[in-house]
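Please find the structures below.
Paired with subunit B in one complex and with subunit C in the other, subunit A is shared by the two complexes that follow.
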Partner chain A sequence: MATAKKDPKKSPTGTKTGTSAAKAEGAAKKTSEPDDAAARVAVEGFADSIRLGTESSAMFAKAGGLAVVCLAVSAALGASEGDGFKRWSYGYIAAFGVALAITAGSLFWVCLQHLVNAKWSVVVRRIGELFAANMPLLAILALPVVVPVVLGNGVVYEWADKTKVASEEILKHKSGYLNPGFFLVRMLFYFGFWSILARYYLNSSRRQDETGGSEIAPTMTRVSGPAMIAFGLTITFCSIDLFMAVEPRWFSTMFGVYFFASCVLGVHVTLILTLMWLQRRGRLATTITTEHYHDLGKMLFAFVIFWAYIGFSQFMLIWYANLPEETAWFKQRFFGGWGAVSWTLVFGHFVIPFFGLLSRHIKRSKALLAFWCFWMLAMIYIDMYWLVLPAINVEPDVRAMDLLALLGLLSALVAGAAREAGKKNLIPTKDPRLEQSLAFENI
Partner chain B sequence: MAESLIAEFGDDAALARAIDRVRELGVRELDAHTPYSTELVRDALGAPPSRLSTAVLVGGALGAAAAYGLEWYLVAHLYPLNVGGRPPHFPLGFVPIAFEMGVLFASGTAFVGALFLGRLVRLWAPVFEVPGFEHASRDTFWLTLKLEPGSANAGSVERVSAELAALGALSVRELPGGTA
Partner chain C sequence: MSDSHEPQASESGPAPLHGLLAEYTTTGDILRASKKVRDAGFSRWDTFTPFPVHGIDRAMGIRMTILPWIVLGAGLTGLGTAILLQWWTNAYDYPWLISGKPLWSIPANVPIMFELTVLIGGVTAFIAMLVLNNLPMPAHPLDQVKRFARATDDRFFLLIEAADPKFDADATRALLDSTRPHAIESILEDRKTSDKLPTGIIYALVIATVASAVPFALAAKARYTKSRSTRIHLIQDMDAQPKYKAQRENPVFADGRSTRVPDPETVAVGELHEDDHFYRGTQNGAFARTFPPTFRVDETAMLRGEQRFGIYCTPCHGFGAEGNGMVAKRAEELAQGTWTPPSNLTDQRIRDMPVGEIFNTITHGIRNMPAYGPQIPTSDRWAIILYLRALERSHAAKIADLAPAERTGL
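Entry: the complex of A and B
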């Protein structure tokens, strides 16, 4: 290393290692002593590590590599089925639902914190902003779902196939909305809008880190009102287009809210687990306290109940009205081969975590909270699987390619967030509410 | 015979200090009467967690189970009718009534339990005979304690009374009827 520096023209390889080593050295120096304006925290006596530094690129490489390998193996297994990726697509859509829930949920969460001018969550907000900024990545990962539809391939979405639509009255009737061209337009709109909004929040927040401008926070609050309305509409229609449209003969007006429940659960699970990982790596060690975990845990608990409330409301209306075009969907899930999965959701997604997360003591214990986060993450996936897969499988049939798709997509999100975190701050250093967030305590 | 004392204080901090002091003297049986719920006094008394929450849980669970049982007995057992092909017994279909009855029984238990645990049905207690005690619901803070004759640390009534007066008690009296 030292020789390469002294004699840079010794050999091409020597030069290369010399520069990269020097670069890494410079980067390490930068993270250990942040001296730029953005890193200065606007709170007296603040002392904590607020940057990932070089670990960001290491995490990006690890998670990104895992994502590529998992998705490649999953796709290869899908191809080996020899059904034109039909079976694989269903598993991929279910896994994509979890990734979308986490990413769209993060965007919702960031928007919500600005909307209500939340103080407790300021130290956590940047993590949400980073995961929301995965939206363009998610748009790329949506291609295996969107491209076949645009090409008129009806393996998953029957309404994409012109001949099928022509042969069935229901599909013909719905083709004004469910057609490949309009589907593409909607997808571009959803992901475009979300990407711009997520980028706006992250960039504004980072500009605040640099300039400390007092006008930035109120502007973000003003934007979040209309943004929240637009989010509510886009998430509803997007979930209908991607997941409800898998079974185009069935419909439920509560479907959008049902998926939204997964979004909010997804973001809280992600935030809690990410913060725990960061703290184990010595980042934000004193910034994030039990009080912040307690509040995140409360939200997780609340949305466990919210999910049950929405899921049950959807069920009850259909059960009570007893209309054949609606009940077929639940009949297959409760009385067909999927009964065990349905009851797993009733207990695993609601009853057990309800009692599990009820106690204050549990929400304030890192190990127990982490356990329930992993539990809920698994349940969000089982829920998505239960929504999508009965369309093709009469009985639950979990394949390695389904789970690899899930692992690949989640790793991609981690890689995207790690890359975006880069060497920049993990908290908004000049947010006017930062001091209150640091001192936050539950009564 | 055990002797009981009652002392009056001007604010909750003084009452909390007095509680800590008589604890040190070895007095076990203590109670406080305050115009409003105060954290200082509650912490000083160190009351055990209320049994009410457990009672509410049990009441709610019993109510829900009873409602579910009744539904099953009527709808699935006595008169199983075929309504639109739906099974007579499907647990999720029974949830709303079981839930409502659970809530009703839980709130009923909470209401009755709070009355019972707060001994609110009684119309008279010995402390009511203490002159000025009506201020306990207005502006002064009261401490009652019982001195067990056997306890070595507690010392005499005079000793404890003197301590309480030194801690800022506005008045200290013997309570003839006991603390209960």
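Entry: the complex of A and C
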């Protein structure tokens, strides 16, 4: 699969990343088509910087190790509670929400770039593709959530427990949708569909790296239309199934969009931080410029507002109508300790980052942008925590096992992406729009 | 312009120099030229390109615009205006309770806060952008320059104004020459275009200003005068119908009234309520002690009664008819002192009460209890009484009433 192996004209895989650049240069010069984008990549000395090389396996080992340790310790702490993993599961689901937001968000983002034929983002797109390709990994990480449901264990999702369902009219009424069998079918469908789509985008994009086929980009664009519709539906229902169904008596038709806001925030945070890390490691040093960060920052800013818009819309409809079956959910979150968390979200997830990210200078400053990315990452987690945990805790109570689960899942994503990146290109070198992306400037 | 001194002197001679225009064929050229002019320290100069050229801001040394600050200020003004507006109209000037929310309720105000922030921010951005760019500019000396037309097509221009303190006809031309332009042209002041507003526009503005006062004048007049004529009714809808409404004058009848009193002894179809027992709960002038024969006492009636009782009576009297419904409980909680509690309907007094009297109470209400006759159909009223009787019976149940099997279950 690797470029170097398939192309007989190239020298065998070099030991240093530097040689791969030389090869790319050679390949670019040989291509007869006027694809000077690739040539630019090779010639203008991005050379040694567009691959992770050996760093990939090192990162995989480090992050993967951390993930395993964190998740194991978290699970051990969960077991020590002696409640059949009940408390642990809630914390895990909240953390899983963040991981899902990042991964599904990446898939959405890649799809979006193709849909609108985006040019500025071409140099960033491979990173999104890599994170989206974590989907199968995420499906495995979803097992602690899905398996108990399938076994009819209702510790978290009450509707999984037949006796509980039989005893309550509301659960009985909803059991046509909320039942273990159908839940499993849906989960298989969501993660199956996302995995295939993510793999399709990564593979097509890499095939383009090799062959430079000019038909590949338009095909990806054509796929992205229907894929986007399917994504919209799957992310809506998946978030309802995984997070809203924690409290099966409550419902909100806006829940899917609300989670989607986290997805889009998640992907931009991930892209920005990953690019910064890569650049610090000397990768893509000149390829990614302030202009790209600026645009990513704008999207981050826009979706800070989007989150508030959706969050408030959901709240206001429920608050205004004041129907007991809907308000109960907010009541639980608006008083006592959870009330403080709600206010933290209002200010920390919206007001403060709104003013924080408003200025162009901030979005163009790496250090400040990085600060806001970490800030928003924390907020995405607090948001998920606030969605899920009040179902079990009357007062907020953060445990080490919750945070370890989060750290474990995030490390797993990093490990997955690093492994997938392998020794291959970190930018789609033969994308027909690459030239424009390299030269991109905000007016 | 008779009082303007300078141009007047040369009005007849050749027009004074406005500036020097250099033409370039590529973006690279104009960028290089801009840097040179910038470094030479000029301040009154500009470039003209058919499309936004990347990096021209830096090449020209243009400082960051203050537009964002203006928009921020406008946005915050919109926000503040929205809050004040809603506070003043809804909570202060004309307090109006909506949906039981507080008079001044921030969540309810948020949509307007958002809208006004965006509206005033957006409109200000648009206007301020024009103003900061010196737009609209009806005429400019460059309009007279033929080659300048290509600034919207494929050429790039750089103009240094003669008004620039650093401007010196020869030295500046030499500077521009050194940027290797495609051409250099001296631009003269525009003598063709008058700088006066066209009279047509002046008249139009005056008329528009005067006309815009008319609606206000009319509104003011309407506020302080009285009129006997009907209001202006632009959209008729179904307002005017060829029929006589209750209180209208009617020329057909001698007394001129539209509403007619029915002839004595008239009875509408189906409204002949002859059966005193059924319709009034009385028999020979006294409250009946039995259910009327036309009312069938069976299980259907009992179930109907239970349901209707649940709907109409439980809010006050409670599900057990003990006078402890939600309304009663809430009233007690408020403890305002004016509340008459609903009766406990399982009291011996009510149990002894003839069914006809209870029927009468439901129909006409009693003291603090409103009349339910207009709401509850006659047979339903009897059904409610039937159910009430069953409730009363259940309150007086004794252990002996139960079947032996049920007794052990207790």
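By definition in this document, the second predicted complex is superposed on the first by the 393 of 443 C-alpha atoms of A that agree within 3 Å, B and C clash if a C-alpha of one lies under 4 Å from a C-alpha of the other, contacts with A are read in each partner's own complex, and residues count from 1 in each chain.
One rule holds for everything that comes next: contacts are C-beta pairs under 8 Å (C-beta built on N, C-alpha and C of every residue); 3 or more make two chains touch, one makes a residue touch a chain.
As the structure is a computational prediction, the values presented were derived from the model and not from experiment.
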| item | value |
| --- | --- |
| Simultaneous placement of subunit C and subunit B on subunit A, clash or fit | clash |
| First, second, both or neither for A:Val346, with subunit B first and subunit C second | first |
| First (subunit B), second (subunit C), both or neither touched by A:Phe354 | neither |
| Subunit B versus subunit C as contact partner of A:Tyr177, first or second or both or neither | neither |
| Per-residue touch tally on subunit A - higher for subunit B or for subunit C | C |
| Subunit B versus subunit C as contact partner of A:Phe251, first or second or both or neither | neither |
| Partner chain in contact with A:Glu441 - subunit B first, subunit C second, else both or neither | second |
| Which superposed partner A:Phe312 touches (first subunit B, second subunit C, both, neither) | both |
| Subunit B versus subunit C as contact partner of A:Asn322, first or second or both or neither | both |
| Colliding stretch - subunit C into subunit B, listed as 22-30, 148-156, 166-174 or 220-228 | 166-174 |
| Residues of subunit A that lie at the interface with subunit B and also at the interface with subunit C | 312, 315-316, 319, 322 |
| Parts of subunit A lying in touch with subunit B, wherever the complex brings them together | 312, 315-316, 319, 322, 334-335, 346 |
| Complex contacts: residues of subunit C adjacent to subunit A | 52, 54-55, 64, 68, 72, 99-101, 107-108, 110-111, 114 |
| List of subunit A residues in touch with subunit C within their complex | 309, 312, 315-316, 319-320, 322, 358-360, 439, 441, 443 |
| Subunit B - residues contacting subunit A, complex | 83-87, 90, 92-93, 95-96 |
